[in-house]
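Following are the structures in question.
Two complexes are shown next, each including chain A; its partner changes from chain B in the first to chain C in the second.
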Partner chain A sequence: MAYTPQYGPGTSTVAENRRKQMNPDNKLEKVRDVTDEDVVLILGHRAPGAAYPTAHPPLAEAGEPDCPIRKIVTPTEGAKAGDRVRYIQFADSMFNAPSQPYQRTYSYSYRFRGIDPGTLSGRQIVECRERDLEAYSKFLLETEMFDPARCSVRGATVHGHSLRLAEDGMMFDMLQRCLLTGDGNVKYVKNQIGEPLDREVNVGKPMDEGWLKAHSTIFHSLVGVPYRDDQEYVEYVQRIHSLRTKYGFMPKE
Partner chain B sequence: MTEASYPQCRIVPLRMLKPETAERLLNSIVKVCGIRRMLINGPRLPATVPYGPARGKPNPHTGRRIIKVGDTEVELHVQVGQVVLEVEDKGVIEELRRACDEFFTEIPYTLQEGIFMKTKPSLVDYAKYGPDADESVIGLTDPGKKGGLVILQGLK
Partner chain C sequence: MGKIERAQKLFLDSLKEKFQGEDPEAVNTTYYRFGGLAQSPRKQEFIKASKAVEMQRGIPMYEPVRCHLGGIPLGQRQLMTYQVSQSGVFVEGDDLHFVNNSAMQQFWDDIRRTVIVGMDLAHQTLQKRLGKEVTPETINEYLHVLNHAMPGAAVVQEHMVETHPGVVDDCYVKVFTGDDAIADDIEPQFLLNIDKLFPADQGAALKAAVGKGLWQAIHIPTIVSRTCDGGTTSRWSAMQIGMSYIGAYRMCAGEAAVADLSYAAKHAGVVQMASILPARRARGPNEPGGIKFGLFSDIVQANRKYPKDPARASLEVVGAGTMLFDQIWLGSYMSGGVGFTQYATAAYTDNILDEYTYYGMDYAKDKYGVDWANPAVGDRVKATQEVVNDLATEVTLNAMEQYEQFPTLMEDHFGGSQRAGVIAAASGLTCSIGTGNSNAGLNGWYLSMLLHKEGWSRLGFFGYDLQDQCGSANSLAIRPDEGLIGELRGPNYPNYAMNVGHQGEYAAIVGGAHYGRGDAFCYDPRVSVCFADPSLKFDFAEPRREFAKGAIREFTPAGERSLIIPAR
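Presenting the complex of A and B:
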């Protein structure tokens, strides 16, 4: 029988949302439009319209050695062209942000190719070839994995994921890369490392509390679904913990 | 250094405050008589980018501005997360609670009693201020910072 991945345990909405994001067969809902140029501006790696700088000649010209692995693995577009490796980093608030660092890494690993994610408690960075990165970033910003108020693109100085929100519902940002403007839209005024942009980049309106709670991928006993309410999840984690602890003693179930 | 006999309390709103709201809150608090010392606490808003490739470049931030408390101008270096107060006696805390109840109509808040300021000079305080430090300064400012404290001169 063919293997069908389960992606994760749990019966709660949080568990269901996590599975939805991880499952590449599930098409994530597109909730906003961000243009290619906007993505390039937020990332800040190259000027919009500029050619992609390269780290090595295109693979077609490089004369690759005869290697069985290279025959199996198809290079991504960025790798084919010899692009530089660049990054995008997200900080996600613990107050019901639609994605979370570990969740992002799991989802990216199922959905994207040629990536190198780095996961920390409050931020998640992913490195890949530049033109692949722009395509992935556009997907991440436009779909339900992003909320303009609770998620933020932050290359450096990421502090804020565990702090109380500001009065207007925005996550604290020491560099104030994005602002909630009078028309209700969140606009980036600085790129991800904090350099001012030539023009504002609109990433749309923050989602309402109801939507955020329904799309949350974090358990939170005060503002969302408490972890202990999901019995299946607790049992799963306890089982993993138990097996890991007993590992040295050759566990048998 | 704080006398143990002076009670302390802190006001913690559920959301971090904008400078305008913080200004209104502080102005409603300072009208209460019997406040000895006050400390505004929260995450720092640096004037320049502290880390990363843009380190050292200017960091314009709408939260970093001058507010007016009473008749005195105070420059905010932080986004206001909590206000710690040392008062003359416990009755003042109840007056503060009444002022906060009137002020916080949209955002929930908590007012806690306890010890929230430094009670003894630390080694860093000794290095900065020496053995004869002004006791009212200890615990109010970070000894490593250049900026000092602000004395509120009067009320509107």
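Presenting the complex of A and C:
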């Protein structure tokens, strides 16, 4: 019998939003346009227009060994070309940023191929081949998984996720990589590791509080949906814990 | 689940002090206006001190404006002060790094330089093998000789070098026993008097457990254990014990019976504070990684001072444990660097864990009738999965809600690892104190971690992925390939060995189970008696207060070297 993913428990809008982001059959709404060149500038791995640095020759030229796994797994475009592995890392505010660290990892795992995610409390990194990364990054910046004020692309000195918001609603960033400008748009003035950009990169207007709350994937009793109110979610976690306690990692009921 | 009302918020005073003039419940604030390092007197002191060092040695040192992030110094947001919990003392974070805090150093020094050695084996050797008479008078004379010899003085040899008493003034030996008649015959300055040091019920239990044996609580000089290591303690002690027996009982220095005394002092009759570690961790006995959690909870003496407040007693173990296991053991022995301090201090500053734990106490009393302020075996609630789930869930949800309702509180614990450790600690302590079962406490910890991770879609750093998402399977239901009761676990327990923000709390969860039951000790009654000693440099009944004293530079440590260096 084929496995049908359920994408997690819960009756709340938070739970439903999580499932929507994870489910690759659900088309996420495109909220803004960020050009390919702008994505490359924010990432800061190569200059726009420059060739992709490679870690190995293209697979077609590499003379691959006779390997059953290689016959099963179709390489991504970046792997085919021999791209080096690079990263994008997001910091997401606990004040209703539309995606959150584990949520990103779960969603990426369902939606992307050839990735290596890492999940922490204040940041979530994903590493993959460079041209695949740029495609994934564009998706992550343009869709409803991103908000210019509450999410931020930060390679180092990431902190801000748990801090109060600045007066203008922006998440704290010690390096102030992006700024809310007079025209209401958020613009990156530094790349993700804090190197100044030659020109500003516009990532659009922050979403309003109503939109953020409606699209949130974090429980929050002050600005969103209280965790306590999603009884199904809490009971499900208790059930997992109880089964693991009693039966280790081969749970039976 | 059933949220209870608790009007008191123990952390509010700290938040108001830390974020002066700001509403602790406000979501927004202003940043980038604090002047960087200029806001911190301690950082300014560092800059000044560094300049003096540079002038003297000609090598650059502390250059935060140049070297931090290529020109952006710390302090783009407020550099917070911290109240050491329940001390009323506010300090800068720097003051809680063990390098800057002499009390923290002494806490560990006092443990590392301690061994307990039985006298009964030696007395049997003297009496049965050598036909010597052992009487109260000879024992007291031996103790005089031993307190002369232990710091590093000669007792038998001629033309010997000796140590300066002013440099080793923290070194001494006392004895204890559960036998009143024997205790009465010991000169009082050498006796750890259990009746006087402990509440009556604890004292009676300890005396019964210690029995008629006579034990030496030995503290070698701090400066020796610092220059060498924890493995030195039993060796130094055994050498001086052997020489003292030779001197006090007029033995031949080379006779074969001396080997019996040495064997007893080094092996058969010695209680180390910590076990030797495997080769890949490469540490001898009496180093932090080998301290069992139960034993650590006996070292910390808060249960002696606060026997009616198991939460307070446990919280003192948390403070002491996170300092030793996170800041010194994992942070320095195993990892290096300075970052671990920030993880550890979250658990013993600003009364945050205290608030969450007392909420758990109130909830356990309200829901299950556990009279936590009157510890007793009889009224603990049975450690079932359902009870653990209920207690841990409610404490976790309450703690998360407090962070949410007070954005400054969240900002105080700005790292997920800090929050995860604190929330899980409160949950685990509630379960262990409420049930009197340490493994129920550990199980509550792990449920808290899972709930936290799902609620906020984040937890701690990568390490939390490792141990906290598999801990359900090695707690409460003990499987033979995975389990030990909490008392016998320690920092080197599989899965516990590499993750900051856990080990001190685990120790407290273990201790809490016994404090909740009203037990006099958790693991070894001899250790409880040994560290009740008021002559120790560090007061083990009040570790957090002592750390605060260290932070404000009012703690006087041992290991003084000014006697042997040029005057400044």
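Criterion: the second predicted complex is superposed on the first by the 246 of 253 C-alpha atoms of A that agree within 3 Å, B and C clash if a C-alpha of one lies under 4 Å from a C-alpha of the other, contacts with A are read in each partner's own complex, and residues count from 1 in each chain.
The rule is simple: a contact is a pair of C-beta atoms (placed from the backbone, for glycine too) under 8 Å apart; a residue touches a chain by one contact, two chains touch by 3 or more.
The model shown is predicted, which means the values in this text are computed figures rather than measured ones.
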Looking at the superposed three-chain arrangement on chain A, would you call chain B and chain C a clash or a fit? clash
With both complexes superposed on chain A, which partner does A:214 reach: first (chain B), second (chain C), both or neither? neither
Would you check which partner chain A:115 touches, where first means chain B only, second means chain C only, and both and neither mean what they say? neither
According to the stated criteria, A:194 is in contact with first (chain B), second (chain C), both, or neither; which is it? both
Answer with first, second, both or neither: which of chain B and chain C does A:59 touch in the superposed model? neither
For A:238, is the partner it touches chain B (first), chain C (second), both, or none of the two (neither)? second
Chain touching more of chain A, residue-wise (chain B, chain C): C
Taking the superposition as given, does A:135 touch the first partner, chain B, the second, chain C, both, or neither? neither
Tell me the contact category for A:180 with respect to chain B and chain C: first, second, both or neither. neither
Determine, under the contact definition given at the top, whether A:155 touches first (chain B), second (chain C), both, or neither. first
If both complexes are laid over each other on chain A, which piece of chain C (20-28, 218-226, 254-262 or 434-442) hits chain B? 20-28
Interface residues of chain A shared between complexes with chain B and chain C: 157, 159, 163-167, 172, 174-176, 194
Name, in rising order, each residue of chain B that touches chain A in their complex. 13-18, 21, 43-46, 49-54, 57, 59-63, 79, 81, 107
Which bits of chain A are touching chain C when the two form their complex? 18, 94-95, 100-103, 118-122, 157, 159, 161-167, 169, 172, 174-176, 194, 217-223, 226-228, 233-234, 237-238, 240-242, 244-246, 248-249
Please name which positions on chain C make contact with chain A in the complex. 1, 3, 26-32, 69-70, 72, 76-77, 385, 389, 393, 397, 400-401, 404-405, 407-408, 410-411, 413-417, 419-420, 443, 446-447, 450-451, 453-462, 465, 470, 472-473, 475-477, 479, 482
Chain A residues touching chain B in their complex are 155-157, 159-160, 163-168, 172, 174-176, 179, 193-196
